[in-house]
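Below you'll find the structure I mean.
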């Protein structure tokens, strides 16, 4: 039995080998040329493919961030120049190149010239110049291209289909070869000189970088930049980006696209205007309806539907006050009447009448007493008088004479002594029952 | 007689006469005249009383008639 | 007669007369004349009472009529 | 009569008269004349009330006619 | 009358009169004149309200006619 | 009238009037005159809208295709 | 109008009018006049587009003469 410690695990071995790759100074950055193999473009992802030549093949991976930076679309079989590092992928145990950058192989000089011009113009800011607005409804369109190419055909077809009222004027130009750039520049300048154009299209069909090269020349770029007319550029395929494309106001992928950018669809535009007209009607109608509704809403207020409510509460108040006034009038009258009746009822003559009766009674009593008193009075007096008369009667001197006494008077003087008498003197003798006259005959003293 | 002598004065005079006569020592002559006065006085007094009574009766009758008249009126 | 003597004053006077007469020591002539005064007073008082009665009756009748009239008016 | 005596003053006066008469110690003649005053006051008060009633009735009736007219107008 | 008294002021005046009368101890003559003032105010207020009603009715009728006319126009 | 008052300003004015009237504390006379103003404003506004509508209809009629669209809209 | 307004400017104006009206906060009277302007503009623009003639493609020759391109092409 061997000691098990003498055996490496696969992981340990793989880690060991990976470390050998990673620390190797030559394998950290290598420049490699080869042909793309097993390439299938994966959108927005890391790319896995192989690089090969006639005798060998190496697996390759290009991470999404690096891949997004390359300026061409890699294709199967394309020869490319790549930079990167070699390392080992432990899970599969295979070594591979991790590609940092990739560029097509075989166009070296032109590509470099292109890059240099691009750098120069970038520094000048030509690519960042404000782009001119394309007129929406161009009347006249200048097209600088080859009269025999498919480009002008596509443009004519498209414009006539979309916007037949635009006038296309072709400025024929060579688009390939050494003289092409100058020709293109001349035609661009002519179109600007003539001046009654709205839009300028320059174009060329697809081809190799050499074929497209006139459109990467500085003169063309400057003519485009200097153009007063807005320029639509449609050069090569969509993947070919020329300097002309970069400085043009608009880049179109194809001539058809250029024409579509240059003109609208006439019927669509008429329809749009009609639609705007309809929208105007609608908006106005809406506005009127809206205002109508607002007005209607205000008019729905009870102020207008039941305007009597404006004064109805007052009607109640006034009625209330009026009714109260009437009730008060009644109650006041009743109260007055009651007061007067109450006191009038107490105003009775009966007490006075009773008083009169009492007084009459009293008076009658007084009358009776008065009569009695006066009669008593007289009676008493009478008794008194009768008594005196009786007493007087008893004392009468005549009563003594009735016993035989009489007296003599001379000249009504009682004669008490004979001395008072003279002879022959006439005397009167008084008796009880009468008197007699006599004459003295003799006087005899004692 | 300028001034009338009242019933009571006459009565007093009569009483005086009666009293004097009762004393008895009045000379005959005077007694006679006093007595005479007394008689006269008593007549006068009686006359006065009679008159008073007449007057009284008359007044009372008048009063009664008034009263009667009133009573009569009331009974209407 | 500048000021009228009231019924009550006259009544008091009459009472005084009666009282004096009832005391009995009034001289005859004065008693007579007082009596006469008393009779007269009594008549006057009686008259006053009669008039008062008439006036009262009349007033009450009028008042009753007024009241009746009003009642009648109200019932309309 | 420079200043008119108000209904209430008359009423108070009448009440005073009635109270005095009810107390009963008013001398006869004064009682009679007060009674008479009372009767007159009572008449006056009733007259015042009648006039007040007429005035008020007239006012209220006029107002009612107005109101009736309006009601009639509304029913059109 | 330099300045017109507003409806509300008149209403308040009427209500004040009613309140004072409701307190109850208004003397007759004053009560009568207050009643008269009150009734007159009430008439004025009712007149104002009647006029308000007429004005409103007229305005609304005019407005309705306009609206009807417009509606008619629209239906053409 | 130097400057014409816009529809919206008039509408706001009308709304203000209506709000004030709805709050109910406008004195009667003022309420009436405000109501009258309101009616007049409402008429003016209606007229303005009617005229706008006529203009719209007329323009639509000139563009025959639009008529159907508008008719349909109105019937909503 | 000394300088003619371009088709595009008119179109922009029309679009602006439409946008403003669709936003809805334009006062009625202004909206109406804008609406009228808009309708006029839209008619003009439609007329311009509809009445424009179709063109044939030209070729600019060396003498700045435009010659029919198709013909030229055919002649080649």
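Each chain carries a letter (A, B, C, D, E, F and G) given by its place in the written order, and its residues are counted from 1.
In the analysis below, a contact is a pair of C-beta atoms (placed from the backbone, for glycine too) under 8 Å apart; a residue touches a chain by one contact, two chains touch by 3 or more.
Note that the structure is a prediction, hence the values are computed from the model and not measured.
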item	value
Angle (degrees, nearest 5) of the CA superposition of subunit B onto subunit C	10
Central chain of the complex, centres being mean CA coordinates	E
Shared interface numbering between subunit D and subunit C [over half = same, under half = different]	different
Most extensive contact between chains (C-beta pair count)	A-G
For subunit B paired with subunit G, centre-to-centre distance based on mean C-alpha positions, whole Å	170
Mean-CA-position distance for subunit B and subunit A (Å)	132
Whole-Å gap separating subunit A and subunit G, where each centre is the average of the chain's CA atoms	45
Length of the line joining the C-alpha centres of subunit A and subunit D, rounded to whole Å	66
Junction residues of subunit D - those touching two or more other chains	7, 28, 32, 35, 39, 42, 46, 52, 56, 60, 63, 67
Touching two or more other chains - residue numbers and ranges from subunit A	277, 281, 284, 288, 291, 304, 307, 310-311, 314, 322, 329, 336, 344, 347, 349, 352, 356, 359, 367, 374, 378, 381
All touching chain pairs, where touch follows the definition stated at the start	A-B, A-C, A-D, A-E, A-F, A-G, B-C, C-D, D-E, E-F, F-G
Contact footprint of subunit A on subunit D as seen in their complex	7, 11, 14-15, 17-18, 21-22, 24, 28, 31-32, 35, 38-39, 42, 45-46, 49, 52-53, 56, 60, 63, 67
For the subunit C and subunit B complex, residues of the former touching the latter	27-29, 32, 35-36, 39, 42-43, 46, 50
Interface residues, subunit F side, partner subunit G - complex	4, 6-8, 48-49, 52, 55-56, 59, 63
Residues on subunit A engaged by subunit F in the complex (per definition of touch)	277-278, 281-282, 284-285, 288, 291-292, 294-295, 298-299, 301-304, 307, 310-311, 313-314
Subunit C-touching residues of subunit A, taken from the complex the two chains share	344, 347, 349, 352-353, 356, 359-360, 362-363, 366-367, 369-370, 372-374, 376-378, 380-381
